[in-house]
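Next up: some structures, all given as structure tokens.
Shared between the two complexes below is chain A, which has chain B as its partner in the first and chain C in the second.
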Partner chain A sequence: MINFNLFVLPFFLGLIYVVFAIGRSWYRWIRSLPASDKVRLTTMFRQPRQVLLALGEVCTEALLHRRMWKRNPLLGYMHMSFALGWFLLIVCGNLESRYYSGSHLNAPYYPIFLKFFIHDRLVIFFEVFSVPGFFRFLMDLLLLFVLSGLVLAMVKRKRSKWFGLKRTAEFQLTDVVSLTCLWLIFPMRLLAESFTAGYYGSGGGFLTQSLGNLVMTVMPFTSEYIPYSMWWGYSLVLGLFFITLPYTRYMHIPTEVLLIFFRHAGIRPKKWYSGFSDAEVLACSRCGVCIDVCPLNEAGIVDAQAVYFIRGLRDQYVPESVSRMCLLCGRCQEACPVGLHTDSLRLIKRRELVSGQETDFSWLASAAPGPVALETRHIPRQAEVAYFAGCMSHLTPAVIRSMRRIMDQAGINWVQLDEDGSVCCGRPLMVAGKDTQASQLMEFNKNQVLATGARLLVTSCPICYRVFREDYNLPVRIQHHSQFILDLVKTGKIPLQAHFRKVAYHDPCDLGRGSGVYEAPRELLTKIADLVEVGQDAHNAQCCGGSLGIFTATQEQRNDMAAAALDVLLENQPEVLATACPLCKKTFAKQSPVPVKDIAELVCDAMPNPVYCSASGQSRRAGSYAT
Partner chain B sequence: MIHFGYGVMADATTDYDRNDRRIAEYLLEHEPSVNLCIGCGSCTAACSTGRMVEFNIRRLHTLIRRGETLKLKKEIMKCMFCGKCQLVCPRGVNLRNVILTINRALEQTG
Partner chain C sequence: MYKNIIIVGGGIAGMAAAAALSEIGMEVTVLEREKLPGGHVRSWDRLFPTLRAAKEVLDFLNKSLGLLTEIICDIEVGSIVPTPGGYTIHCTNGDIFTTGCLVLATGYDLFDARKKEEYGFGIYENVITSADLEKIFREGNQVTTCGGQVPRRVGIIHCVGSRDEKVGNIYCSKVCCVTGVKQAIEIRQMLPDCEIFSFYMDLRMYDRHFEELYFEAQQKWNVNFIRGRLSECAENPDHSIILKTEDTLTGHPLKLTVDLVVLLVGFVPGSSARKITGSLGLLQGTDGFLLPADEHTAGNRTLLPGVFLAGAVKGPACVVDTIADGRATAVEVYRYMKHSEVAK
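On to the complex of A and B.
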């Protein structure tokens, strides 16, 4: 028997096309990787362990959707039923077809349309225990599994809240076409198999046979063209889905697999667009998880979220304002089920935007006619600890004052690098995309630090902390002041007396998600205060809205974001709002009904002989919350 | 010109009928918050760069309105982008984006 019929052609051609399209993309991306990354990739394939680990992640993420489950079980089940269900249908269908053909090599369409070619006449009851019967049962079960996911997907369109999503990504026309095809595939398969099983009176499993028998009872048809046309329909939607796949969000299905291998090979995002960025952009499934977590929603900005930005990158059209409309708070990155580096993609785009623009920091080298002569700044005093307050801390003098008192109290030999005003750490330029220009400032600061001979660099600003750690390559230890003070308290160098009631802690983005410092500030605070719970904290903390990462938001929009973050922080009525970032402090202080204090201020206030460290206006009231 | 009986230094005059308004117009279109500026000078007072070198961010506004593009180009390159100006601005002028937008305008006007 020749197992071929004209109707397999749409599917078969679609399959050939999609395999070719995916292969071409993969080849291009791998070719455009930097040489070092190519080496990483080839080295990985020589280590079976790494390959196995990558395959394991492919199973847990691309098939089981573990991270989706974590976000919401219903959402996880929906994605899993499609991915795992379809995958198992393919695998089991293949095994089943081998049983019938007795050959390992079958045409790719043979297993897909097996029930058209084979109408096995076996007893229906107790057939589960025979090999073909078992396969029929299994295939029907898997089809039911996928269909259950399909029903959920339809429900999700109307009731996304049940899936833990307040907002979902908006569709483009191509997505609608592709989605329609995808949604039709499995019902078409069900109909084709059922009608065939009903017409021949055999060959189906518990689902398809029962449905087929029902159809035959309700409307007994005598023409085999009815099931035949169903098979045509099934093949057409499959073919159309495959042909549209490379141009729609469903390209994430094959791309995520490649991306997982890239990551296991140790390939990391680069400063410029590379094959890795391509893989990240195409691996975005537009599931929309990043939309809800984005603080921009609070300001009514709905077109700049990671999903839309990445879609813009893919369509090669991102408005300049959208590239710059991002706090770089890292919340979407934390939530992304595919683990995309949304922030670094945004930065890549920003770098492209400003690539032709120059800066001139030649004044760093020469003495300037400014208020402070630069020569004096070049020779910092030798000290054990170099303290870099940071630009923002200069706007919150209470933080610097507290730090000085704490260091004096602890008997540390310290020197402040930016006592007369600071040369910026460089990160504000970097978030604008001006990395090369920032390097001049970094060079200056680096020399300043080295000149002190210090072994420890302490900074009060998480923005500085992050860039010192990530980009400076300093041979000294770098600590944020929350870590530094905690060490001092632990070694008993700072006596603490007062204890505050009800303090809520806000995680600054660059300290928490940006640098992974969550515990030190909390541990420190519990020594001097009772921490109240905050609804969204640590990894999921809201951005204060003051971020330097965003350029195009108006002041009103920033205020809206700050207000929303404050709502969450003040939910449990804290008496003081503590943070560890001068920028967060400054942003919240404008709107907060309770005093906003830096950790350093609180520690300073908790020390004996309270020479109140906090800003004068609030220090008078300090006694009221200290107990 | 009417003869007033005294001279006017040529390089200090701004001919508002003939000056280059392209940057000002581009800026107003793309970052309208610049219109909120009352010229209080808080930005200049807070400026990290201005503390170490002759750099006056408030003055950029004047340069733009006068169309003094060359001077503007030279001045703007000194900015370190730290954002203190924006934080102290009582009017909510989006100063970091103002600088980026001026840069873009300078690129486009050549």
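On to the complex of A and C.
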């Protein structure tokens, strides 16, 4: 018997097309990787351990959707039932078809439409214990599994809140077409298999056979064209889904697999768009998890979230305003179930937007006087610790003063690099995409740090801390002041006396999500205060809205974001709001009903009889001027 | 209908309204939070643009209050609740007043300069506010640095908390420009050897005699006006203050060391007005100050019957305008009471 019928063609052609399209994309992306990344990729495939690890992640993420489960069990189940259910249907269907054909090599459509070709009656009483009976049972169970996910997906469109999503991604026309196809595939399969089983009175499992029998009882039909037309329908929606897949969000299914391999090979985002960026952009499933976590919602901005930005990248049209409308707070990156580097993608786009005519800071490197008389041109004094307060800390002088007192109290030989006139750390330029200009500032600062001979660089600003760590390549240790002060307290160099009640801690984006420093500030604070719980903290902390990363938000929109963050922070009525970033402090201070203090200020307040320090490093005991 | 009129707030707007109402034979009760009436003007020494003593103005208002005015001091209004035919005023000490006609003259608060942390108020001892300087003048003290020395250089900073989107106040406080000019002259009068540097965005000398005062400050008193917004202050070891700014007329960044810095703090909506707005449901502008029924044609009325607004509760205003506004409120109240009586 020849297992072929015309109706398999739409599916078969669609399959050929989608395999070709995916293959072509993968080839292009891999080809456009930088040479070093290509080496990484080939090296990985020589290490079975890495390949296994990658395959493991493919299973846990692309099939089981572990991160989705962590986000919301219902959402996790929905994604898993589609991915794992469909995957197992393919695998089991293949095994089942081998049983019938007796061959390991079957036409690709054969397992898919097996029930069209095979509808023999089983003669065994407990048919589930026979091989074909077991497969019929298993295939129906899997189909039910997928259909349960489909029901959830339909519910989700109306009641997304049950799935932990307040807002979901807006659809494009192509999304609607392929979503309709996807949603039709499994009901069509159910109908085709049931009607066939009903018509022949055999061949189905517990689900399809029962449904088929029911149909035959309720409205008996004699024409075999009724089930046959359903097989046509099933094949058509499959084919259409496959043909549209490369152009819709469902391209994320194959792309995520490649991306996981890329990541396991050690490929990281680059400064410019590459095959890796393509893989990230196409791996976005538009699940919409990033929408709710975005602080821009609080300001009524609903078109610049990561999902829309990435969609824009894919469509090769991102308005400049959308590229610049992002706090770079990293919340979406933290929440993304696919682990996309949303911030890096945004920065790549910003770099592309930079025109050739930008401010030139090359004069900093030369001996000739520049437009600004910079005292810091003088080589700074030698010291053990170099302190870089940062531009933002200059707007919060209480932080700088506290740091000076703390360092004097601990008897440290320190020098402040930006005491009188400073050069920016460079990160504000970097987040604007102006890396060339930033590197000019960085070169200057690097030389300043090296000139002190310091072994430790301490900064008060998490923005500076991050760029010093990530981009400066300095041969000295770098600490944020929360880590530095904690070390001083632990080694007994700073005595602490006072204890504060009810302090809430706000994680600055660049210190927490940006640099992974969550524990040091908390440990330090618990030594001087009772920390109150904050609803969304650490990885999930809200952004204050003051970020330097955003260029197109109005002050009013920023205020709205700050107000929303304050609502969360002050929920448990703290008496003081503590943070570890001068910018967060300034942003909150103007709106907060409770005092906002930097961690350094609190430590300074907790010290008994602090020494009063002067900028030049000469100390004297606190006198009448001390406040 | 209650015959008694209640004015919440015994500052100059409330006093001027009370004086005018009692003069036309209406009974008025003024509720004042402080121990004495007079509001912010009690803290000022001399008033711009004529440099006459603030006390004279207060004395005049006090004398004109008349026999029909009762002033209750040291009493704070907690909430005001609408009742049939009028309003019930609950005070924090438990007293309750009922009235059919209410004038809100709760005024304003001064901007808390600590919110502009980069200017160092509350951190550096040689940074003070314009209100602190008035207090020094009023108490007849010498202007000195925190160490007790006579300052050789004083910096005056305009627009602190006003026209500053970053602190959330986009509006102009109207009186600070000329106050800065006035205080510069007063410092020069007191300390002839002291140099004054005023940092401004632009100087809004909008009212009568203001421009003349500005010219006088430059020509007679050699006050230096530099167009540039202060970026930040830093402190020297000797507690003098380094001002970092830009002279935007020459286009050069500027760093200047001064012995004392005076911050011209602006107006912010009064905390008491905010409380009352909540319980009465009065409208606020985007700036947080209360809105009258119509800003052109009904500047003292509100959309609530029998509730009127007088003075700086509606936004920044100078002494002259506030007194005039208090009197204008009296006319509106009189018209309302007459109509109520006719209706009765």
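In this section, the second predicted complex is superposed on the first by the 590 of 627 C-alpha atoms of A that agree within 3 Å, B and C clash if a C-alpha of one lies under 4 Å from a C-alpha of the other, contacts with A are read in each partner's own complex, and residues count from 1 in each chain.
The rule we apply is simple: a residue touches a chain if its C-beta (ideal position, glycine included) is under 8 Å from a C-beta of that chain, and two chains touch if they have at least 3 such contacts.
Because the structure is predicted, anything quoted here is derived from the model rather than measured.
Novice: According to the contact criterion defined above, which of chain B and chain C contacts more residues of chain A?
Specialist: Counting residues of chain A touched by each partner, the higher count goes to B.
Novice: A:Ala589 contacts which: chain B (first), chain C (second), both, neither?
Specialist: second
Novice: Answer with first, second, both or neither: which of chain B and chain C does A:Leu569 touch in the superposed model?
Specialist: Neither partner.
Novice: Going by the contact rule set out at the top, does A:Pro428 touch chain B (first), chain C (second), both, or neither?
Specialist: first
Novice: Which partner does A:Asp420 reach: the first (chain B), the second (chain C), both, or neither?
Specialist: Once the two structures are laid over each other on A, A:Asp420 reaches both partners.
Novice: Once the structures are superposed on A, label A:Gln555 by its partner contacts, choosing first (chain B), second (chain C), both or neither.
Specialist: After superposition on chain A, A:Gln555 lies in contact with both partners, chain B and chain C.
Novice: Which of the two partners, first being chain B and second being chain C, lies in contact with A:Pro397: first, second, both, or neither?
Specialist: The second partner, chain C, only.
Novice: Indicate the residue numbers of chain A shared between its chain B interface and its chain C interface, in ascending order.
Specialist: Of chain A, residues 372, 394-395, 420-421, 555, 586 contact chain B in one complex and chain C in the other.
Novice: Which chain C residues qualify as touching chain A in the complex?
Specialist: Within the complex, chain C contacts chain A at residues 115, 117-118, 120, 122-125, 146-147, 165-168, 232-237, 239, 242, 253, 255.
Novice: Please name which positions on chain B make contact with chain A in the complex.
Specialist: For this pair, the touching residues of chain B are 33, 46, 48, 50-55, 74, 77-84, 87-88, 92-94, 96-97, 100, 103-104, 107.
Novice: Within their complex, state which residues of chain A touch chain B.
Specialist: 320, 324, 354, 356-361, 363, 368-372, 374, 377, 391-392, 394-395, 420-424, 428-429, 432, 434, 441, 546, 548, 551-556, 583, 586
Novice: If we count contacts the way the header does, which residues on chain A are in touch with chain C in the complex?
Specialist: 372, 394-398, 401, 420-421, 555, 559, 585-586, 589-591, 614-616, 618, 625, 627
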